[in-house]
Amino acid sequence: MEVSMSTLKYADCIAACNECADICDYCATSCLKEDNVAMMARCIRTDMDCAALCRLAAGALARESEHAVAICQLCAQVCEACAEECEKHDHDHCQRCATACRRCAEACQKMAA
Amino acid sequence: MEVSMSTLKYADCIAACNECADICDYCATSCLKEDNVAMMARCIRTDMDCAALCRLAAGALARESEHAVAICQLCAQVCEACAEECEKHDHDHCQRCATACRRCAEACQKMAA
Amino acid sequence: MEVSMSTLKYADCIAACNECADICDYCATSCLKEDNVAMMARCIRTDMDCAALCRLAAGALARESEHAVAICQLCAQVCEACAEECEKHDHDHCQRCATACRRCAEACQKMAA
Amino acid sequence: MEVSMSTLKYADCIAACNECADICDYCATSCLKEDNVAMMARCIRTDMDCAALCRLAAGALARESEHAVAICQLCAQVCEACAEECEKHDHDHCQRCATACRRCAEACQKMAA
């Protein structure tokens, strides 16, 4: 039988959470390779929080959890904070991460509305 | 800046892991709504293992972890076990889950090769 | 050098979160072995949510995350919901889980205060 | 009803995994505050892998997963690698992390034997 993510109830929000988690994880690793790592410390820390919360949110949404709305509200908040931090840095991985975080925050807010 | 998952080194394997995790989480929830839940107990338990390992693998791949190969090898093994269990059940969610697990196992084996 | 969890800033809350996660995971597995699994479906689902959130909270606390307070607030809320569901069932694992959930909710509320 | 972690089948191994995860998460955060962060990059990355795997192992053990042995084998391997990296650094948090990683590796090997 063909698998289709679109059969999941909150497919769009799940996709945004997965993407954001992956891009945050990649941003953290990439920040650790930058010349001035010390300047990236806060970005790395918020990337870790954001990735963890996005993966938890994706799972809760896929399980159609009773707590999905509350989890998405918190996820949106952490995504916004991560986007704000990433936007301060010119590195491609940070700019891309900011975009993924804004998109995920929006998807989570829409889901929670 | 545009986000593109395809910029990630192991994009295909990451996508397969995310999809498999989501479908496993959905399968677990759906199994719990079936008439004969007792018959689905092993499926639910292996879904939980598989979802957890696929999410961990996606993160390790996105971080380009030194342990990504070893993690993908274990992930492939658990995905195969989950597919075998899911294939025993006729429910749509189980059949779809088996397909996602096989696909993820293949992607993980290819990555680890 | 000797390891001591007590060197961690939020050691008590971290310990409560770890314990609650483990007891919830054990409760989910035990519920799946009960004669009337269908009656335990909601308990299993809330166990999964609670375990996932408690593990995420333990990590955020150990990393002294900026978002630890917000995460603990949500964790307390999900622990309360899990305790309420578990208290409905006479099984030892459910009653123990309810106790661990109440204890963790209290630790998280105290941390977030 | 009184909660007791000692009622769990693999209580010792679960406790070692939880402790190791927490100490790794704390080590990662502490490394990011060191003067020479660049020198700590590999330590931070292995801390992330180790924390994630230890939390997954604790959950699998608590659920008495069929895959607990295979997961503990991989967990032991990643803990050893993390201990080796941490031992290179004189910081207290790294030395403590190395001890926790060795202890967890031993507990996981014993469980998997």
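Brief remarks follow.
Lettered A, B, C and D in written order, each chain numbered from 1.
What we mean here is this: a contact is a pair of C-beta atoms (placed from the backbone, for glycine too) under 8 Å apart; a residue touches a chain by one contact, two chains touch by 3 or more.
Note that the structure is a prediction, hence the values are computed from the model and not measured.
Annotation: the B-D interface is duplicated by A-C among the options A-C, B-C or A-D, judged by over half of the residue-numbered contact pairs being identical. With centres set at the average Cα position, the gap from subunit B to subunit C is 25 Å.
Subunit A and subunit B have CA centres that are 20 Å apart. For subunit C, the set of residues touching two or more other chains reads 28-29, 45, 48, 59, 63. If you draw each protein chain as a dot and join the dots that touch, every dot ends up joined to every other dot.
Listing the residues of subunit A that touch subunit D in their complex gives 28-29, 32-33, 35, 37-38, 41, 44-45, 48. If you check the complex, the residues on subunit A that touch subunit C are 45-46, 48-49, 52-53, 56, 59-60, 63, 65-67, 70-71, 74, 77-78, 81. Residues 1-5, 7-8, 14, 18-19, 21-23, 25-26, 28-29, 51, 55, 58-59, 62-64, 92, 95-96, 98-100, 103 of subunit B are the ones touching subunit A in the complex.
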